[in-house]
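Here chain A shows up in two complexes: once beside chain B, once beside chain C.
Let's turn to the complex of A and B:
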């Protein structure tokens, strides 16, 4: 184990365990203005008239007419308005806000607003969608020929549902104009995303906007883009509030119903096999974008790049669409498009193997990509593909082969078992040339006269531990105590733009910049003198340039790898399942901190298990999300996974600090396929091609009424 | 120990609405028309802070446990944690209590509150219905003991008068030896029952002495039909086998599930699966 991997006490440990950590909701709520949203109850409607009730002194309304900049939230394409103007496009679309000194009163006044609507046809299901916000195509080789020469051709459809990030702390912000500067404090992942969105909506020059991240109680992607909308709305309100602070802390129901979730998906796979090898894949991926584009293009890009899985597929045609529906805009959630396509491709490979009478693992092994092979986008696997060694470790830990054989025998007892395995990667960092062309990360180190060193980056700690790992890196290079490293929550008036906290990039990209900055600071160290060192991103020179038009080149500088086994038991009387065990092996390169890394892996696996089983979110016939509370949207408790084992395989990445690479998203990505593979074995069926798998459907599978056919279910 | 953990969001010790004796509680109930507040685990989420609450956690008379030849007598204020940790408690009740919610809620929630809230999904109430338990209701004017089936009459509806308190539960000891309890939730903890089942069985010399099934979370009240189970009581194993289809068909006809988080069809199927499997296993073990 590398020296850096030895765990330390996390920088935020004492504050969080002692209860002194200060979240945005902890700011005094007296003496500030509260806000309540006026939201559309219709999935799609024209706004005829908005009639505000008489507002008591000290209360005011905010809507599109108050926007001093553009009525557009900067994300990627900027089509999401700050406030609806003529039309609403999903239930919850914000028409305006009521702001004032008492929270109950603002809520009552918002509820008393009379908005007259002309209802318009709403598209709720991607099968009915007419508009593809994005329609990407890419491929390589000659699929037509490969299919014509194939021994076998297989075709299947797959479906995945919503997943809610379920962070502990809901979305929340406070905005206030102080000394001519608009300050927005909040629970957020990406301070500079919020900064740019606030500038665009308010029209203020960037130097008059300050974004401060407060202690953030979980994000998982849910606080990557949504805070840009909330900050734009609150920023506009704060300008109207003339110096008073305006506060908005979501309740759980508002948060679950109206903020972004994982894109529901439908995938169609057609696969050619010749002499036991996959020779071609034709893949059609459809994501439910929701009402606006927000992060959908980048989520879709990652999803389709991952769609052929970890296999070397010489002939490939991929189409990916993000379709418009009149539902809440979907966004980032750990894995970012990849869990959907890995679910499809891994089950597809299982089913092909079964049809050929082969063991799924043997079939997968025979088709694995290896170092030097082309990636789906005709880049290269520049570094070793460690899956074969990782598979061996997981097989040993889980006793997979014996269990798989035992459960394959006919099961006729009231309790049935199954075990499944899946293989996956996660492209580390931003897709394509985003780091070089868009982000251009900058970090700084500031040393004070006492020799303490402060880390200045825009990256946020939302529980994943970057404050700790960044500090360890800098302390290690400087040879000074970890305790002498200072790191605060980012404040855009102090930190350079080191890019968003997303895409499993923080440690690999920003951590490496900090390592280099620390090396320079050490070389230039002047005892007793304040010093500042800046470091700028440089693009790895070995990369095949990525072209987003043609989806060609290296989409990622390297990959993190995962192997997962899930063992399930089913009660045949009730259809209920339980996870009997979960064994995984992950390669995230060198561990920047062992306890943090293992904790991240365990948490991600558990989210993957929840996504597969109990995390069911559906919309009703009017487009309303019905599960907007934790009584109705269940996530796993600690009791739900009695045995969850992760192993770490270290395959060093030369571009990351001490060989570290992207970690955060990896563990979730491939778990659903292993889960359903286990379910299929236990229930003795093939073709459970969707998640989540409910107890209700399980009973149907057991009684044979769903055998082998696709089910219309979640959107 | 457990009592000291009970949260008191309104009223504090010595307050007229947090009385220390049953007598004082009944007196204030007669006058104030307050809502009895035991563990508060249902009332806290109801978000209605304007109602006057009568806090019961200081009343020692509600915390008792005793048994005689015929009954276990449980104070209505016993928390699930107390029930789980007391070795004298009937195993069936302990099993149900241990699957309710999570430790923090079990430390506060009480068996009396679970019944008086009158949810058809209440897991301990299901056990009390299956065992034909009685409840003792006391008011300043007097007291009455009635079968729980006459107490729970609808969703959130009981026959408790506003001046009465549910004070004690009397659980018959006679048929508790052989039981099954099954809770179907969406996960293993902190789960509201989607279907719940309790069954009791007794046989002697190959003849069925007792059979009692109860189903929770399927209708507005917990379902118990002694006349259906009565079809098999007094019958030999052979006779019961011959009658088992008729018995199951009667249950099929008797249960009219509501749809909710799961479909009515699923609820019905699980009820029948659990009933059939329970009977089958008991007849096999009686052979």
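Let's turn to the complex of A and C:
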């Protein structure tokens, strides 16, 4: 194990443990202005008239007329408005806010606003969608020929539902103009995203905007883009509040119902097999974008690039669409489009193997990509593909082969078991040339006269531990104690733009910049003198340039790898399932901190198990999210799983600090396919091609299978 | 309805007057500035606002102030001064069991309630003891493992 991997006490441990860590909602709620949103109750409607009630002194309304910049939130494109102007496009679309000194009063006044609407037809299902915000095509080889020459052709459909990030701390912000500078404090992942969005909405010059990340109680992608909208809205309100602070801390229901979630998906796969090898895939991916584009183009790009899985598929045609519906805009969630397509491709491979009378794992092994092979986008797997070794480790830990054979025998008892396995990767860092062309990350180190060194980056610690891992890297290179490294929450008035905290990039990309900065600081170290070192991103020189028009080249500098096995038991009377065991092996390169890395993997696996089983979110016929609380959107508790077992396989990546590569998103990505593979074995059916798998559906499958009916996709 | 009550808050005798239906969570945070008590859902599901009431773990968002007459309330701000806290602190630190931290004050008090009732729990007992406290970050392994460590390290304290 590399020396850097030895765990230390996390930088933020003491404050969080003792309850003194200050989250944005912990700022005093007295002496500030509170805000309540006026939101659309219709999925699609024209706004005829907004009638505000008489507002008591000290209260005011905020809507599109108050926007001093553009009524547009910059995400990737700019179609999301700060406040609805003529039309509302989803239930919850914000028309305005009531701001004032008492929270209950602002809520009452917001509820008393009378908005008259002309309802318009709403599209709630992607099967009915007419507009593709994005429609990407790419491929390689000659699929037509491969299909005509195939021994077998297989075709299936797959579906995944919403997933809510369900971070324990709801979203929140406080905005205030102080000394002519608009300061926004909040729970957020990407300070400079928020900075740019706030500048556009308010029209203020960038030097008059300051974004401060407060201690953030989990993000998982949910605080990547949504805070840009909330900051734009609160920024506009703060400009009207003339120096008073305006506070907005969401309750759980407002947060669950109106903030972004994982894109629901439908995928169609057509696969050609010749002599036991997959020779071609035709893949059609559809994501429900919701009402606006927000992060959908980049989520979709990652999803379709991952869609052929970990296999070497020589002939490939992929189409991906992000479709417009009148539902809440979907966005980033750990895995960023890849969990949807990995779910599809891994089950597809399982089913093909079964149809051919082969063991799924053997079939997958025979088709695995290896170092030097082309990626889906005709780049290269430049580094070893360690899946074969990782598979062996997981097989040994889980006793997979024996269990798989035992559960394959006909099961007719009331309690049935199954075990499933899946293989996956996660492209480390931004898709394509984003790091080079868009982010252009900069980091800085500042040494004070006492020899303490402060890390200045825009990357946020939302629990994943970058304060600690960054500090370890800098301390290690400088040869100074970890305690002498200072790292605060980012404040855009102090830190350079080292890019967003997203795409599993922080440690690999920003951590490497910090390592290089520390090496230079050590070389130039002047005892007793304050010093500052800046380091700028440089693009790896081995990469095949990525072209987003054609989806060709290296989409990622390297890949992190995962192997997961899930064992399930089902009660056939109730349909309830139980996770009997979960064994995984992950390669995220060198561990920057062993305990932090394992903690990330365990947490991600559990989110994947929740996504597969209990995390069901549904909309009603009017487009309203039916379950917006922890009472009816269930996430796993401590008794829902036994000990999750995680092993780490270290395959060093030369471009990351000490060999580290992207980590945070990986563990979730492939778990759902292993879960459903286990469910299919236990229930004796093939074609449970959707998640989540509920108890009710389980009972349907059981009754179907009793009649020997092979249930194909049911929805 | 208004009430005037006396209760013990983190060891100090405390008088409070106000609406009997006000929730303990709001009073602790807004009036006593005990913001280590977190609000995650306000409907008794997540456990982030857990406090000990006469030694029993409760969701403070569901406790009306009128019920507190004569009760002892312990929040993380009081508990962190104890020897038992120090043992749990070391145990969670050593396993890097604290990620985003939002569930942690409630989780620590759940651990205290568990260990007070069952000083040498099994893994399954620990998981049952934490089952009212949601954590979205860790997968629970590190937290459960740390509590088992603490139960061994804290020999005689519980």
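By our rule, the second predicted complex is superposed on the first by the 704 of 715 C-alpha atoms of A that agree within 3 Å, B and C clash if a C-alpha of one lies under 4 Å from a C-alpha of the other, contacts with A are read in each partner's own complex, and residues count from 1 in each chain.
Criterion: a contact is a pair of C-beta atoms (placed from the backbone, for glycine too) under 8 Å apart; a residue touches a chain by one contact, two chains touch by 3 or more.
This is a predicted model, so every value here is computed, not measured.
Student: Have a look at where A:414 lands relative to chain B and chain C in the superposition and call it first, second, both or neither.
Tutor: In the superposition, A:414 touches chain B alone.
Student: Given the touch rule stated above, what does A:21 touch, chain B (first), chain C (second), both, or neither?
Tutor: In the superposition, A:21 touches chain C alone.
Student: Touch test for A:614: chain B only (first), chain C only (second), both, or neither?
Tutor: So A:614 only meets chain B here.
Student: Just to be sure I read the superposition right, which of the two partners does A:639 touch: chain B = first, chain C = second, or both, or neither?
Tutor: both
Student: Touch test for A:68: chain B only (first), chain C only (second), both, or neither?
Tutor: So A:68 meets neither chain B nor chain C here.
Student: Which partner, chain B or chain C, is in contact with more residues of chain A?
Tutor: Comparing chain B with chain C, the partner touching more chain A residues is C.
Student: May I ask you to decide whether A:371 touches chain B, chain C, both, or neither, giving the answer as first, second, both or neither?
Tutor: In the superposition, A:371 contacts neither chain B nor chain C.
Student: So, does A:631 touch the first partner chain B, the second partner chain C, both, or neither?
Tutor: Both partners, chain B and chain C.
Student: A:695 contacts which: chain B (first), chain C (second), both, neither?
Tutor: After superposition on chain A, A:695 lies in contact with chain B alone.
Student: Taking the superposition on A as described, I'd like to know which of chain B and chain C A:576 touches: first, second, both or neither.
Tutor: A:576 sits against chain B, while chain C stays out of touch.
Student: Do chain B and chain C land on any of the same chain A residues, and which?
Tutor: Comparing the two interfaces on chain A, one with chain B and one with chain C, the shared residues are 631, 637-639.
Student: Mind pulling up the chain A residues that touch chain C in the complex?
Tutor: It comes out as residues 7, 9-10, 12-23, 25-26, 28-30, 165-170, 215-218, 220, 251-252, 462-465, 468, 593, 595-596, 598-599, 602-607, 629-631, 635, 637-639, 641, 643-644.
Student: Hey, which residues of chain C end up touching chain A in the complex?
Tutor: Those in contact with chain A are residues 29-30, 33, 35-43, 45-46, 48, 75-77, 80, 85, 89, 92-105, 108, 123, 126-128, 130-144.
Student: Under the touch definition given earlier, write down the residues of chain B that touch chain A in their complex.
Tutor: 102, 182, 184, 186-192, 194-195, 261-263, 266, 269-270, 273-274, 277
Student: Could you list, by residue number, the parts of chain A that touch chain B in their complex?
Tutor: Residues 414, 572-576, 578, 614, 631-632, 634, 636-640, 694-696, 699 of chain A touch chain B in their complex.
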